[in-house]
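Two complexes follow with chain A in common, the first pairing it with chain B and the second with chain C.
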Partner chain A sequence: MAVRSQASRARWVLISPLLVFAAVFVAYPVFQGVQTSFFGLTLQNPSAPWVGLANYAHLFASQTFGGAARFTILFAVLVTTVEVVLGFGLAVLVNRQFPGKRVVFSCLLLPIMIAPALLGIMFRLLLNGDIGLVPALLGKVGLTVSLFAPGSVIPLIVGLDIVQWTSFTFLVIYSGLQSFPPDLLEAAQVDCAGAWRTLTAIILPIMSPVIFAAAFLRLIDALRTFDVIYVLTGGGPGTMTTTLSIYVYKTAFTSGDFGVASAASTVILLVLIPFVPFVVRRIARPEGRAK
Partner chain B sequence: MKRRRRLWGTTAAVVVIALLINVPWLNAILVSVKPTGDIARGGLFFAFSPTLDHYANALGMAGYPFPRYFLNSVLIALGSVALVLLIGIPGTYAAIRLGLGGRWVMNTASGLRLLPAIFFAVPYFLLIANIGLLDSVLGLIFANTFLNLPLGIILLSAALKDVPVEVEEAAWIDGAGIYRGLVAVVVPLIAPTLVAVSVLVFIFSWNDYLFALVLASYDAMPITLGAANFVTSTGIRWGDISAATVLSTLPPVLFAVFAQRFLVSGLSAGAVKG
Partner chain C sequence: MKKQVLAVIGAAALAIGGAGCSPSTPGAAGASGDGTGLIRVVLWPGPEGDAMADVVDQYNSGQGKTDGVEVQMTLLSRQDTFSKEATLMAAKSSEQDIYFVASYNVGQFAASLTPLNSVDASHYFPAAIEGLQYQGEQYALPLDVSNHFLLYRKDLIDSLLSDSAQQAMYKTISAKVLGTVRAPKPADQWDLDDFKAMSAYFSKTENPDSPTQYGTILQSKNLLYNVMLWDDVLWGLGGSWTDADNKAALDTPEAQQAVQFYADIYTKKWASPDSAQAEFPETQAAIKSGSVAFALQWSAGFAELNDPAQSPDVAGKIAIAGMPGGKTHVHALAIALNKYSRNQAAATKFLSYLAQPAAMDIYAKSGGIPAMPQVLSDNQGINPVFAEVANSIDKYGYAEPVFPKSFDAYSQLAEDLSGAWVGSTPVADACATANKNLEALLAS
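Up next, the complex of A and B:
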């Protein structure tokens, strides 16, 4: 067929925009990111010398980087755990027919539709000491805490992340529940298994791959948290709420030290690469995935 | 009867949760219609007469550049949608249907899901500066296309795998070439996925903050960055900032309400970005 011979040429024509884009906007930036980490490049001095591993040495000696790494990991693990538990509970609650379900479902998705940076502004509005709703409510019950003070800022940020992202774990787990065979549930009910037993003996074991996927996806996003915290605290007070993303951003664009920032990015990249197969399995081969 | 009451109980419980997690947004709407004097009376003062002044201010009455930020956001989002589709459709078709490394393309696309955007901040700054596109809408379109192309490829390839080969072959036998077959037969068949990809890419480009912060400084500033800067730079006019913020959340929120079915599949596949 003429089409067959045309196909061998046409496919290269069709894929060429993707290849060009991938070369210029993916492969080259990855190369340049790693390369920059070996140079003393700064915002002011674009033709900087080769410094070998000096940027990495600086990084590992830096308390800020270590602190940011520790804060990011603890923050991510904590919010992921809470959000998966709450998201699962919510998914089980919503997983039945009830009046007004469609509208409520849309509302449950709103927090993940809104730009995190804009949500950061809304949080400031909500928490503002003079005009905010939350300090006013706390004042009513006789509490006067400064929410952004060192003692309360981390619980605050964890709480805000939960408000924002429980929607996401809910959505992933709820979508998984939709493929849960309903006859199994009915069988369990016929056997008079209680709600608790149905949950622990049937739903949880079957759902564990979906729950794991929700946790994994949420964890990798939580590890790169930037927008909300940057808008809210700028990483402060001091460097208390500096995530790795904020550290890299500030090192590059506030201190102007591209070399050290790139070294930090490269370290983050190297730590994440072993997890690539997990993501690929989850996203690229959806056969085993609950749809 | 008892069963019905339980169902309404579920509704009540879920409504309470939905309200709680949307308090920030609802509060912003409330403040956006509060007269400035009443905003100063605190978060628990509700006996005000609503005003639309803040919206008028946000839309240009007070001389803020918000209309320009909106325009930039629209251009960046639409440009990114167009570029993702123009690159993604033929590329994914060649990879999946014409046997050009389908698996490799898919694995790369999903692997990119893991890489943190922050890794690309410095290289993108250098790259976009080198090609002279710093603080330009086009530069941000390239960046957002990069951020969203993997998602586009993942969703498109799932849709293309569902198109029966016979449909294409019938078109070829009728004398259509590869290109005509793609445009006239395959593309209409995957239209729902094209809508889903467009909506998701629009929302994510609209919501981007990090790359705007790195690549835009004035001319190309989108609404996320403009609003955040507004909070820190001026003595805070909370009413106006609330109105501008509420307006900027409208496109994604409207999509969430009216295009829900197109969103859920993509979002639950893990397409959300932090």
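Up next, the complex of A and C:
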């Protein structure tokens, strides 16, 4: 009995730093954010009167918020899908021995080493039509294209996100492949299963929790996309590339309307939380089953 | 299982909640210290921060010793200085004693500032000092003054004005663009139609022999500062944000014409396609690289373009003229006293020092453009733009309406109009939306 009680105490002691961290840096800010969403806190009115659901009503009447939500969801789903597919393909390709593997591996990981804001500034220079390297090289082969024109700006930011974050999905899936049981592949070979059959009936089902984890983490991050788009387009032209994070940022720090910005953050949180248990169940499944 | 669910919920909350905001926390009250000791000043990096650093150094080693005050300057990022200050103000922080503000956001920040009515402001441009007043109180002191000019390639315009073959081509193009034949004029005589015709003439789409790829570059990114440049076209066409009754006036023919002016130049490829995401640095790059012949630009851009070290291809070829619409937005970057400062008396001593020509003389010699006519006049030899600034502000300067949400209005107009500037939103729709949103901001 005493041993059990001691173990229980030790468990609490060991977990307490994480609990304190979560309380200070997760629970408290979230609580304060939700609380602020019910107040009319602005820079002009720091006394913050209670406004009930007025901030939420303002939000749902706002075309900009609706447009930002649509763009963010489409953007996040598109880039996550492409990045997971490419990351998986690269992981399968690299998951073998070949000369120069270390160099290829390092090159593939390079993009996630760069801070997103820095990447945005770098591409702002590289893609500039007057002084940028990329338009200059395209010009040499007779291609005149403005990557910042309204017609090409969305493909541009999607492309940049894929360039930066495919490395992440590759890394997660590649790590998963390292613990893949090799006897299953040998058995498939013995049974003369083709590459497609091996992929769809063995590798994908077993790897699905890892792929799901990579997709979930990437999706959450893509839904928060801010840095690169803000640096490159500021959310424009118009509101064409405004994401929810840019909307929240501008509402809070340009308009000085902290109440509405907090309401927007709360709505995003409430929309996403119901998906979490489903995703956790999917990720935490003991192991995938080969068909 | 339950733990895992909780763990992921926690992680997601941290991830998403990061975008959220905390409400205010009580800070120190606006208590005054004994008028001595350390005070902290916020500025942004760049020419203003560099110039102010020299002023602070000289104050600390001279007048500051007499005052018993030491100044410590903090440089925040140029992009986010106002956002970070807004956070400090919302938290009623006493961390900084003096904030960096501007005439376009002083109304928004006024609730967190202490009026400076006791400081002698008689040496400044009246337009600059008035732009920092809100509800009859002086909330900030001008530090650096900014306005706009037409920066152009003098070699190209001179060549056009002296060559009859080029003039004939210009007349043909102007007839096509404007519907009437125009002869080329010196840049300081342009109106907005000349600007448009010249944009077409110096673009390869209209004139394959043009020495530049495009006539100009328009700063059309969704950025509040770009609204200030577009406002020059609006004011130049006789428009304004508001009418005589202080109602929003952005669905007027003048406003639609001003948006159409940008849209025409952009969609007909007389401006660099990168205009859609252009601001100050992109405009500098386009002029430096020789891909455009002229541009509407901030006063701060001129010196760099004629510096052989920074602009080897165009230095010595760039000239400056007033805005083609005959109107230039003027704003002052300024400094203001934090209402929650714990040492307001010491901070006021430093502000009083800055309000004297001697301090602004140091500022001018260190690269700033002070808002004092006498100091600009005394330092014309340092920066040729000083004489132009003084003359231009005096003759053509205007300021947009100041109201509590004016900073928000710039940002809102950038959002509502930037799509139409580059032809991706219909002009009438954009103006109607901008008008509706401005009306709401004026009323709130």
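Throughout what follows, the second predicted complex is superposed on the first by the 244 of 291 C-alpha atoms of A that agree within 3 Å, B and C clash if a C-alpha of one lies under 4 Å from a C-alpha of the other, contacts with A are read in each partner's own complex, and residues count from 1 in each chain.
Quick note on the criterion: a residue touches a chain if its C-beta (ideal position, glycine included) is under 8 Å from a C-beta of that chain, and two chains touch if they have at least 3 such contacts.
Every value quoted in this text rests on a predicted model; they were computed, and no experiment measured them.
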{"item": "Touched partner set for A:Val280, first chain B, second chain C, both or neither", "value": "both"}
{"item": "Which of chain B and chain C A:Phe258 touches, first, second, both or neither", "value": "both"}
{"item": "Touching partner for A:Ala215 - first (chain B), second (chain C), both, neither", "value": "neither"}
{"item": "Partner chain(s) touched by A:Leu269 [first = chain B, second = chain C, both, neither]", "value": "both"}
{"item": "Which superposed partner A:Ile229 touches (first chain B, second chain C, both, neither)", "value": "neither"}
{"item": "First (chain B), second (chain C), both or neither touched by A:Pro150", "value": "second"}
{"item": "Greater residue coverage of chain A in the superposed arrangement, chain B or chain C", "value": "B"}
{"item": "First, second, both or neither for A:Val84, with chain B first and chain C second", "value": "neither"}
{"item": "Partner chain in contact with A:Asn45 - chain B first, chain C second, else both or neither", "value": "second"}
{"item": "Touched partner set for A:Met113, first chain B, second chain C, both or neither", "value": "first"}
{"item": "Intersection of chain A interface sets (partners chain B, chain C)", "value": "22, 25-26, 29-30, 32-33, 36, 124, 128, 130-131, 220-221, 223-224, 226, 244-245, 248-249, 252-253, 258, 261-262, 265-266, 268-269, 272, 276, 279-280, 283-284"}
{"item": "Chain B residues within the chain A interface of the complex", "value": "7-8, 10-11, 13-15, 17-25, 27-28, 31, 39-40, 42-44, 86-88, 90-95, 98-100, 103, 105-127, 142, 145-146, 149, 154, 158, 172, 177-179, 181-182, 203, 206-210, 213-214, 223-225, 227-228, 231, 238, 241-242, 245, 248-249, 252-253, 255-257, 260, 263-265, 267-270, 272-274"}
{"item": "Chain B contact footprint on chain A (complex, rising order)", "value": "1, 3, 6-7, 10-15, 17-19, 21-22, 24-26, 28-30, 32-33, 36, 90, 93-94, 96-102, 104-126, 128, 130-137, 140, 163-164, 166-168, 171-172, 174-176, 213, 217, 220-227, 230-231, 244-245, 248-249, 252-253, 258, 261-262, 265-266, 268-269, 272, 275-276, 279-280, 282-284, 286, 291"}
{"item": "Chain C-facing residues of chain A, complex", "value": "22, 25-27, 29-30, 32-33, 35-36, 39, 41, 43-46, 48, 64, 124, 128-131, 146, 148-150, 153, 220-221, 223-224, 226, 232-240, 242, 244-245, 248-250, 252-258, 261-262, 264-266, 268-269, 272-273, 276-277, 279-281, 283-284"}
{"item": "Chain C to chain A touching residues, read off their complex", "value": "1, 4-5, 8-10, 12-24, 80, 82-83, 86-87, 89-90, 92, 108-112, 217, 220-224, 272-274, 276-278, 282, 285-286, 288-289, 291-292, 404-405, 407-408, 411, 414-425, 430"}
